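Order of writing sets the labels: A, B, C, D, E and F. Residues in every chain begin at 1.
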Amino acid sequence: MRPSGRTPEQPREIRLTRKYTRHAEGSVLVEFGDTKVICTASVENKVPPFLRGEGKGWITAEYGMLPRSTGSRMGREAARGKQGGRTVEIQRLIGRSLRAAVDMKALGEHTITIDCDVIQADGGTRTAAITGGCVALVDALNHLVETKRLKKSPLKQMIAAVSVGIYKGEPVVDLDYPEDSEADTDLNVIMTDQGGFIEIQGTAEAAPFVQEELNSMLALAKQGIDKLFVLQKEALEG
Amino acid sequence: MRPSGRTPEQPREIRLTRKYTRHAEGSVLVEFGDTKVICTASVENKVPPFLRGEGKGWITAEYGMLPRSTGSRMGREAARGKQGGRTVEIQRLIGRSLRAAVDMKALGEHTITIDCDVIQADGGTRTAAITGGCVALVDALNHLVETKRLKKSPLKQMIAAVSVGIYKGEPVVDLDYPEDSEADTDLNVIMTDQGGFIEIQGTAEAAPFVQEELNSMLALAKQGIDKLFVLQKEALEG
Amino acid sequence: MRPSGRTPEQPREIRLTRKYTRHAEGSVLVEFGDTKVICTASVENKVPPFLRGEGKGWITAEYGMLPRSTGSRMGREAARGKQGGRTVEIQRLIGRSLRAAVDMKALGEHTITIDCDVIQADGGTRTAAITGGCVALVDALNHLVETKRLKKSPLKQMIAAVSVGIYKGEPVVDLDYPEDSEADTDLNVIMTDQGGFIEIQGTAEAAPFVQEELNSMLALAKQGIDKLFVLQKEALEG
Amino acid sequence: MRPSGRTPEQPREIRLTRKYTRHAEGSVLVEFGDTKVICTASVENKVPPFLRGEGKGWITAEYGMLPRSTGSRMGREAARGKQGGRTVEIQRLIGRSLRAAVDMKALGEHTITIDCDVIQADGGTRTAAITGGCVALVDALNHLVETKRLKKSPLKQMIAAVSVGIYKGEPVVDLDYPEDSEADTDLNVIMTDQGGFIEIQGTAEAAPFVQEELNSMLALAKQGIDKLFVLQKEALEG
Amino acid sequence: MRPSGRTPEQPREIRLTRKYTRHAEGSVLVEFGDTKVICTASVENKVPPFLRGEGKGWITAEYGMLPRSTGSRMGREAARGKQGGRTVEIQRLIGRSLRAAVDMKALGEHTITIDCDVIQADGGTRTAAITGGCVALVDALNHLVETKRLKKSPLKQMIAAVSVGIYKGEPVVDLDYPEDSEADTDLNVIMTDQGGFIEIQGTAEAAPFVQEELNSMLALAKQGIDKLFVLQKEALEG
Amino acid sequence: MRPSGRTPEQPREIRLTRKYTRHAEGSVLVEFGDTKVICTASVENKVPPFLRGEGKGWITAEYGMLPRSTGSRMGREAARGKQGGRTVEIQRLIGRSLRAAVDMKALGEHTITIDCDVIQADGGTRTAAITGGCVALVDALNHLVETKRLKKSPLKQMIAAVSVGIYKGEPVVDLDYPEDSEADTDLNVIMTDQGGFIEIQGTAEAAPFVQEELNSMLALAKQGIDKLFVLQKEALEG
């Protein structure tokens, strides 16, 4: 039994609130149960140095946690003077994942930065950030069309993510913190709405996992992500 | 006329939402109109090195803005590797102000850190942070009583803050961003609910101000802050 | 009675020594009693990025203390790799205050940096720095005229600063360190030689202050600053 | 056809040279073709703060590239003052992977740091580092036994790693740089010598991959890793 | 001919002013002509970690230049967040040199930090700093005796330093900035008052120097340093 | 007797292996006995800001030690976020020394960076780095000729370096770590193959040295360096 009473294939209650703050071109509050992340997408009319003059755009992501988004207060990264290793790892994952959503040629020389700031953490912040960040990204791309900077949205496909893991010997989807901290294996799966994998990242510090377990986890993940695509679509149409 | 249509002595709509996030001992969303700040109060059972063995507690504050809380995206301080001068100045002000609320001897060897993170900015973030931070602080002090770490709350007095300024020649209270960016003088006033000043900080980069203007601004500030004390009280009783 | 034997309205002996070092366009040793600060003004023929192409100049300030300017040695900020919060707060105050002295349009695309380095500290370093820094600034502006880069000095008004406080229940001017470390309230007042306030910054961590106390402190400050304007004028004519 | 003329299931020539430098408790030069990494394992008789008093050991890893290990010179991270995101991501992966090799209780309060320094890069530096780092780790564990600090080696299992990818539409093992920079998908697989997965990390920035492709890649990876376990064994017996 | 009109073996006018600032245990303004350095010696009753429990003391030095001590303003190291390479090199030299003056066993578990801050630079700041720093150090050692922390001063010998160089083909002593910036060779010589060398550091980026030139420079240096020992003695007796 | 059994004038076995890694324009493994340093020379078609438009080139050096190149592990400088003082001092010495080898006008607007990374340390890393770095530099200069970016090599002279010291009262050449850590005096001598000194740097923290000792050390150094020039020549012709 899962601590939350959920069935193995049951994700938490998921909510996507668009236009959550007013300044950003895209701004979404994403909630995976008690995990709450503000995702904003900011457009700039320039690209980083390594892309200058190539006629292509760029999408990048930054991730942060409010110091008291967690059970005990974490030191503020800005005060300590550097981002921790986990932060760096997560923001690189979000950036890579969301770049797969967009045709960079069609985006032209614009940079879109996805900021994902966790205001309350209960496991799965990176998958929530990717899922919510993609909605904010779509809003920002549409903003480029509305403001006549692009003729049509360069969106290629939607991206969403969910975690799966082996908890007490059984594969489960969308682990919350109590599950996550005890799971043998933790696998983050990022997919396109056309059924392909963009990234899979599985870790088994405690007990190694085998091919069959991987297969069950991936099957659960696909099911879970399909629900996310429905919710993303509803949010964008809402 | 003020851009928002408010009268000179009319603050914006102000809301204090307690228990906004679930992990912190005190957690308040404070809204001064479109300015929205999450204030959390975190308790630790230790004090900084300079106070060790003195039998006294400590209250400190940290301030941050989400990168896209503003009209154009600001670089993330954690990524740049240091807090900006404005950030440092503001968090020191918040810390000094809120220390005045508490009897440090009675607090004993505990540190309370007030984190103020701006999720949407429209002027007056520091005064909102102090006003909301004081409510989060009260909740954290009460938590120390509830968890039997203190016999009674070491709260001495409530603290609230508001900005006043000279906008188009006239003193106004609680400036929003369009006013703030054009005001001749900007004065932040922090008071106790017993009518004393804790801090006043007035700046006139454009045109110097004179004693009468100062007096009118302080009168407006007192009026405005009195409303804040009512709202703090309602929130804490609610 | 004040520890120094001064009357409440009596500032310390104040000295302004121009051309203290030989390289800077303006270089002043300012002494407020035992507080000694070297203020230099350095001219550059360019402006910071945010002002480029605006046809306006900029004035900024940096502040530092020699490690053993104080009773016990402070760690060197350059060695620790960052400026402390107090340093940042003070240098921002000096910069804001001195910008009020100059017509930025008339200054044209020049930047003047005021470096204030405390070689001996005994309270009031920031007010000494502003008062001495203004004299160094005037010298630098005159240097721009002498070297034909400007037709006339863009100086609008002189700026000076003094601290006032409530020491043992009584308002006193120009607090030295023994007073400062025990005062209930500490107020820094920055004024123009035309009688306007540029900045007032009052802090009462210990006991809040009331309007009448504020009024007495401001009256004392005005008196004290008037003496400073006389001394600045003498120095510049000397 | 692969640029190197290798068949899809053929790894590069792999060499593990033990005792490569003389100071470290374990020191291995690992070569995956032209990729050359020095892996040292250093033992300390203490653990990081978060483990103190738990009676358990710790294994951590650091990764670096010599500035000119690559085709064009990269800035030295020590000179720039921070480790880049890729470095942080890789060293966390190496640390997590190698922790799976050891029984931390049996290790007792020792920390072993695996330093992986790339002296020449041609793709696959992280998989080479894990494979070579595990051999250095075994030597360091044996050193603890030889020096009577442990009764028997706390090694649980060997760990090795290889990359697989989809290159020109076909799955291939152990990608070199020319393949890596053009591959559609890049999957790093870390396994135990008992056939379990420790970590899989697959990225498809260009074209998403599907389950069948994942299965073929994992099959190739298993084959390749089996060869690595043979080479590790030979090296340790040699 | 030297730009200053000095003869080759003539140092600049040298002044050592003790008790220059009032807080430090030793405080000396040293002037080598227009080069002016404040040297303070600060005593702490502890030693750095690597010496704890060894019953020995430590002497270390830090060096800095005020931003406008030079012809054009240098960025403030505290603001840039790190000390430059030249600074680091110089402060290590000063520390090494002054450690030779003291019997570390006899010093006991005290650390003396020599801060050398250049307020005006005209060549030879490091030799001035060593020469003045040694006087400040003697005062600090005597302070330890006066305050009964040591029975007698652990001073072994005086240390002084001077630069010599090949300027326009001729060896000269105590180069000022115009000479220094054109000299072929620049040699800093640090000696004890008993005639031994503590450090010699000669650089010839432009034209290499030969043994005879080295010999002439060392002879000049000895002569010059002998004068410094006289001046140090006079200052300490004055 | 020396711990290694060498005679006083006998350097360690010295090896220079060119083309040690494949990417750099020059790449040399230099071994002075057990001291092993990888020296690479990297060419860039640009110069640092202070030389732009001057038509001259630049040569600079960076130095690092692998964390476990030494007897006990040193913290990684990239992880600590700054280069230590010793590192900075050494890399400045290497850069200054190697600049003397090249005619900067003839080099034109190219920068050559010499990276010296110690993979195993046993004393004398800086002299090994200079000696090996000069060979890597020659290869890089020749590469500029081979790739038609220069008509002829701008090499003026070869540079090599060796340490000498007073060990147990006797001058010895090329100190290894056991000697270095006990020597009274340590002198690094950098010379040209035409017999001139480029830099001499002698330190005597323990016992001062006198002119005769200096002379004997310099004589030993010259002998030792002559052998190095032969080895450099053989390596470059090999």
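Throughout what follows, contacts are C-beta pairs under 8 Å (C-beta built on N, C-alpha and C of every residue); 3 or more make two chains touch, one makes a residue touch a chain.
A quick map from chain label to UniProt name: A, B, C, D, E, F = Ribonuclease PH.
Only a predicted model underlies this, so the values are computations on that prediction, with no experimental measurement involved.
Engineer: Any chance you could name the chains that touch subunit A and subunit C both?
Structural biologist: Common contact partners of subunit A and subunit C, which must touch each of the two, are B.
Engineer: Report the chain whose mean Cα position is at the greatest distance from that of subunit B.
Structural biologist: Following the centroid criterion, the farthest chain would be F.
Engineer: On C-alpha atoms alone, could you tell me the rotation angle mapping subunit D onto subunit E? Nearest 5 degrees is fine.
Structural biologist: Result for this pair is 120 degrees.
Engineer: Quick check for the class: compute each chain's Cα centroid; which one is farthest from the centroid of subunit E?
Structural biologist: So the farthest one, by centre of C-alpha atoms, is A.
Engineer: Pick from C-E, E-F or A-D: which pair repeats the contacts of A-B, with over half of them the same residue pairs?
Structural biologist: C-E
Engineer: Distance between subunit D and subunit F based on Cα centroids, please, to the nearest Å.
Structural biologist: That gives a centre separation of 33 Å.
Engineer: Between subunit C and subunit F, what's the gap in Å when you average each chain's C-alpha atoms?
Structural biologist: So the centre of subunit C lies 50 Å away from the centre of subunit F.
Engineer: Taking each chain's centre as the mean position of its Cα atoms, how many Å separate subunit A from subunit E?
Structural biologist: Subunit A and subunit E have C-alpha centres separated by 58 Å.
Engineer: At which residue positions does subunit F touch at least two other chains?
Structural biologist: Residues 81-82 of subunit F each touch two or more of the other chains.
Engineer: From subunit A, heading first to subunit B, list each chain in turn around the ring.
Structural biologist: Read cyclically, starting with subunit A and passing subunit B second, the order is A, B, C, E, F, D.
Engineer: For a test of understanding, state which residues of subunit A touch subunit B in their complex under the given definition.
Structural biologist: 21-24, 27, 34, 36, 38, 40, 42, 44, 62, 64, 66-73, 76-79, 81-83, 87, 113, 115, 117, 119-121
Engineer: Spell out the part of subunit A that touches subunit D in their complex, as residue ranges.
Structural biologist: Where subunit A meets subunit D, its residues are 82, 85-86, 88-89, 91-92, 96, 99-100, 191-192, 194-205, 207-211, 214, 218.
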